[in-house]
Amino acid sequence: MIIRTLRAHMRPLTAWAVLAFLIVYYLSIHPRGLSIGVLTAWSNQGTALALLAVGQTIVVLSRGIDLSIGPIMALTNCMASHLVNGGPVEVAIGMILVIATGAACGLLNGLVIVIGRMQAIIATLATGTIFSGIALIIRPIPGGDISEGLSDFFSGDFGGLVPMSLIVILGAIAAWYPIRKSVLGRTIVAVGSSESAAYASGLRVKRAKIGAYVLAGVFASLSGLFVGFQTLSGDPSIGLSYTLNSIAAVVIGGTALTGGAGSIAGSIAGALILRTIGNLLFFNDIEPLAQPLFEGLVLLVAVSFGAARLLRMTSRMEAFQ
Amino acid sequence: MTAVFARLPFDVPTRSIVMAAALLLLVGGWQYPQFFSPPYLAQQLQSGAFLGIVAAGAMVVILLGHIDLSVPWTMTAAATVATAVVGLTPEVLVSEKGVLAGLAVGAAVGAVNGFGVAYLRIPSMIWTLATNNVLMGILVYFSGFYALSSRPSPLMSMLGSGRMFSIPNVVFVWVAVSLILLFILRSTTLGRRIYMVGTHEPAAYLSGVNSRGVLVAGFVIAGICSAMAGMLLAGYAGQSYQRMGDTYLLPGIAAVVLGGTSLFGGRGNYSGTVAGVMLLTLMASILSIMQAPEAAKQIVYGVVVITMVGFYSLRERYS
Amino acid sequence: MPPPMQYLESAREGALIDAAPLLQLTGIGKSYGGVVALRDVDFDARRGSIHAVLGENGAGKSTLMKILAGVVRPTDGAISLDGEAYSPTSPADAARSGIVCIFQELSVIPDLSVAANICLADPPRTRLGLIDRKRQAQMARDVLWEMGVGQDIDVSRLCRQLPLSKRQIVEIAKAVIRRPKVLILDEATSALTASDVKPVTDLLRRLRDEGTLILFISHRMHEIEALADVCSIFRNGTHVETYPTGSRSSDEIVQLMLGRSLTQVYPPKYQVHATTEPNLSVKGLRWNGKLKGIDLQVMPGEIVGLGGLDGQGQQEILQAIAGILRGVGGTICMHGTPLRARGPGDGISGDRRFALVPEDRKYGGLFLPLSIRANLTAPVMDTFARFGIISRKAEAGTVARMIEQLQIRAENLDHPVETLSGGNQQKVVIAKWLATKPSLLLLIDPTRGIDIGTKQEIYRLLRRLAEEGLAIMIYTTDYDELVGLCDRALIIYDGCVRAELAGDDLSEHNILKNALNLGEAPHSREAQQ
Amino acid sequence: PDCYVPAAGVETIIKYERREGPYRIALVNGHTGIPWREQMIKSVKAWAARPEQARDIAELKVISTGSDVAAQIAAIDNFIQAGYDAIAFIAVNPTAFGAVIKRAERAGAVLVSFDNPVDSEKVLRITPEWTTFEGEIKTQSVVDQMKQPKGKVLEVRGIQGNSTDRDRHVGLERVLANYPDIEVIEVVGNWDTGTVQKVTADAIAVHGQFDAFICQHGCRGVTNAMEATGHPIVPVGGDAENGFVKALAARNIPGISVSTSPGQGPVAIRAAIALLQGEALPATVNLPTPNVKTADMNPNVNYFPDEPDTFETVTGYGSCGKDMVFTPDELNAKSAGNN
């Protein structure tokens, strides 16, 4: 039973193992070693991407993809730089508005895909440019203001023990699991596994697809808020690289882009792996001009691990799955 | 109106786009009379040709049910290598070795892309993203090329910026690429197999198609198209420069999809891609001439893509 | 033959009139573009009956069921359910009205567990509104035990990991748990193995006795005879006749279905010359714990059947020969030299040609949205291409011969192959492989879901090919077919050849006995039918 | 030295307690794959490798973090954590560094921001005065070289949303406000040659002729478009990439090349060392703005026939001292070598 459970979660577990190794290595070469400051800097850097990867995973589980997730993050980040400041009440209302905006963007994606019957890639590519455009309107150049108190709180640590950002990540996992166990969550997985079967089984396919995009929008807005806390400002141009990295994180975390099977936790590990690799460059003597090459190669190698399953393949047909 | 619409040749997406582009020209021309001037139209064709060549390659990969995100740095790499080789061998004619080198770079990148997708079975969206990053890394690292000349060869300059009968030469290159691609897709076994693999790869394998070979071939074609576009762009700009491909990736994909090709693979006509390229090009320059702010451009772009693609998927559904 | 209407009238006057119909269809029509799938169909069915729907491929049976299940909207006509107008907008909607359909294409969710699949539509919840996994598993187990297959299926497994026949059971359980008023089975028994048919038929009878209306589509005549109370025959999109089971002879039924009579289903067998060298010889074939040392030979001119319970390794034998499997042990020789194929592509050219007609035509055999022409020529296009350029003329000639040879009924060869009915689709798959002129033909269940008329055509074709010197090996779940068609049958049990039957030994009785491994547990219960 | 001119209206002075050298210094670059940035990194390494400087520098670490501001913040945090004495950086987003600056203050690390400086008075900022750069210097010179100060001028802008683009645009507007007869047409060239060429050619196709061009970066695209469309020779103002300057000189196009030199990198590092040695500097420093008109251009001084088009012709700020001058060979020698 335990072995079967382990085997079922092989790929996310591998991702976590790799991450653990990278962290230990990173701390061992860091001149300061393990300290709460080092840990906080490390986890702060990965949190925005991790939150985004959670949203992306939900969509990918439904066999969709959200290329607008980075632009939603940028848009909500810009909104936050207008709304999330001032007194506590204002800040609270501001955060609610920001999250609602993320949900609305996700809703738009879902509606375009379901009612317009468009492929997710192109639909979200298009809505993504719209969201970027709106972000540019509300914040033509980076700037604005975000509650410093919240910023200190979220980018600091908890009692000198745990970085707050790690707690945020755990919170994201905790928020998803009840959803996954709900009918909506199950329908999302069912639609990703076989849409026609889900439809024929009487499941509410449309509702689940829309739900997946709305959830992705919400997580993107949380990510946008977190970037705001980190940078105390809004920036309309941060989207694109985040979108692609969120997909990379999902894949490294073991979720199949073909939907149906995968896990949030794996994607979070994937996101943190990507960021830790960036960190590793600091104290290894790598020529600065070689850094992009190094990062590219590491990504190439990381995704190549997906090919390992081919070695275990007993039927050539398995390659097509 | 509808009667005229229905009688036009070509499939629905192509027709719709041609109509939309005509509409754009009319409205634009009403505001700016220069729109109908031959230099303006020639200029549009020239801009369109670069995108068109990229989109031609993108279409092959999309027909296979995959996507190639390595376009930007494949273009840059091919152009950089080509101009570097020109710098090393400046003698006339010999310098055209640079063109061959550039094409070889494109083919090699395509082969690596195809290898990862077909043999290692990594999703193309992620594998080509990785190869794109590696290419960027290589170019940044070896910007020792930087010490070499970045001058294009005479052929590149001639094709990239020359004109014949006041029509830009790139347009002829685009036409040639289009004809070759049309021929491949319609009349060769490779074309048939591209559609088969794109429709359902397991069935292709079980039907005796060497699906891995077909995938690699498709990515190589795309790589070569990107390389050509990169070198022509270097010919046009008189130099190779980094990030030269950044603005071609997403429009290239959008043009293919606007043209009615399914991102799931197996379905699509090349005429649609050509029409998609024209529409995007026209739209971009009209917006730029109207001095629309960047934000408005992006929003219009997104709305147009959603409207057009939504229109034909709904039309297909309910007709 | 009296005109169909008279049969209808006589049926109406019969015992069936005692209760008001539960389901009443009037003037139903449906066309897809130019193709008329259903035309002016009137159809009644009563509560507490098993109502079989028969018809040739493409007769419109599935379309009708899809209309009832809310998947397809009719272009004309009206439906009433229990006296009230009924026009479902989706399967979910139909289910709310009490109509649940098991579709011809399976609709289990591969990545969910058996329990989750069975409780898919209405899972038990905890007080917090989350799905209660424990109760869900219990409910699933209960249903499976009620169906008599509880010991065979672990409800915590993913459906992806189950063999096809077990997935079909899950599919049925998933429908049954909703206690529908009307249960539709569209060829839902076609993938069941002989041992699974019994519990399912028992279950259906029980449901009928509880008052459920069961609409039942199958091409297996003996199943229909055993199970149905009433039969309706469809032909060419029209409702031809409804009669109580048993009131028509099978010849009459076939005549009604086809509009012509069918003399004999299976062609006569021929004597194979034992002196010839075997076309295929396999020794000690092993693979992944599933094949445990298989020896077999196929002579030119011979049709060899693989039989046994589903999932004993029959498919894997054929796949191993075709090179689809990796890590295969033992030797496979064609014409005396080892064959080391890496896939069906290696059988297309050269002097040792083989062809594999795969199991699921929708998954492995066809490119559904591509044209009939492109599908037909997929493996052979190189033969009429020079330097990779296709000669349209040569292609047209080849295609015409194929259409002619297999009597494929297609309106326009440039239409997508998905517009053909199931039987014609299957012919396309066979035709495209015959075009490669193989000397060894491997077929996996080629007549599944195909009507009797088309089946007969395929049997004749196979026999004719064998006469021309082809070696044929066929895996089929239909014992009748093994007996009627094959010269020799190998009964596979647990990855080994359990028995080789030929001549008079080749009987349904012997097949079943060996398939169940001499009546040993655990399948002994089903053996006594 | 006299190159650290305090920006107008800035009174704040930055001064740290003197520490003993040699120092551990880090340079955090943002975007990768841009020739200007590469040349900047090379200049810093070339400068630091000279024996006079090597004495003061115990360790020089260079990092490029790409366009992700979170990565850049984390990089700076890492250097602070690792106890580096000074960190110089080009901000990806000028407003994002408030929290980092606080953390640096606490840890006693010296931050120096340059080129795209942060919006904060608390760290040293080194930058050209962009409004003057684009306005009083470039635009004014172009207008002066026009036949008469009237007609149509094409303004080719940079990446939208960038603060530098905003400041430069303001500079241009400020100058042209004095010339009511000049009509400005704006296009967006994204600072890249190909895009600049395309939008310029488009604009020429629509508007016919212009009386002058004012371009931010990638200005070889303007001269190319003029040549390709057969546009008459009119004044062109642009930055200082070799290709552009070559084109001005070769075709004798009246105009001006104004430079933001990659030499900002060494200037910033030198300032960081000065701060560590206890010197006081104004909080915001404006660098001189080297520029040259076409009439005054000389090969191998203002442009380099043997260098690629992307080479930045003004290699350093000569007016900031002799150590701020670099020859192309010295930079190229640094290209691929290790740290």
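A few comments on the model shown:
Here the chain labels run A, B, C and D in written order, and each chain numbers its own residues starting at 1.
Here, a residue touches a chain if its C-beta (ideal position, glycine included) is under 8 Å from a C-beta of that chain, and two chains touch if they have at least 3 such contacts.
A quick note: this is a predicted structure, and the numbers were derived from the prediction, not measured.
Note on interfaces A-B and A-C: more C-beta pairs are in contact across A-B.
Spacing of chain A relative to chain B, judged by their CA centroids, is 30 angstrom. Put simply, the C-alpha centre of chain C and that of chain D have 72 angstrom between them. With each centre defined as the average position of its C-alpha atoms, the distance from chain A to chain C rounds to 44 Å. If you average the CA atoms of chain A and of chain D, the two centres end up 35 Å from each other.
Listed for chain B are residues 136, 140-141, 143, 202, 205, 293-295, each touching two or more other chains. Chain contacts: chain C has residues 324, 343 touching two or more partner chains. For chain A, the set of residues that touch two or more other chains comprises 136, 140, 287, 289, 291-292, 316-317. Under the contact rule stated at the top, the pairs of chains that touch are A-B, A-C, A-D, B-C, B-D.
Interface of chain B with chain A (complex): residues 67, 69, 116, 119-123, 125-127, 129-138, 140-141, 143, 201-202, 205, 250, 253-254, 257, 262-264, 293-299, 301-303, 305-306, 309-310, 313-314, 317. Per the touch definition, chain D reaches chain A in the complex via residues 29, 32-33, 38, 41, 61-71, 73-75, 77-79, 81-83, 93-99, 119, 160-163, 166, 335-339.
Listed in rising order, the residues of chain A touching chain D in the complex are 30-32, 35, 37-38, 41-42, 44-45, 48-49, 136, 140-144, 148, 151-152, 155, 227, 230-233, 235-238, 241-242, 275, 278-279, 281-283, 285, 287-289, 291-292. The touching residues of chain B, when paired with chain D in their complex, are 32, 34-35, 37, 39-40, 42-44, 46-47, 136, 139-144, 146-151, 161, 233, 236-239, 241-244, 246-247, 285, 288-289, 291, 293-295.
Residue ranges on chain C touching chain B, taken from their complex, read 324, 343-345, 347-348, 356, 358, 363-370, 374, 377-379, 381-382, 385, 388-390, 432, 436.
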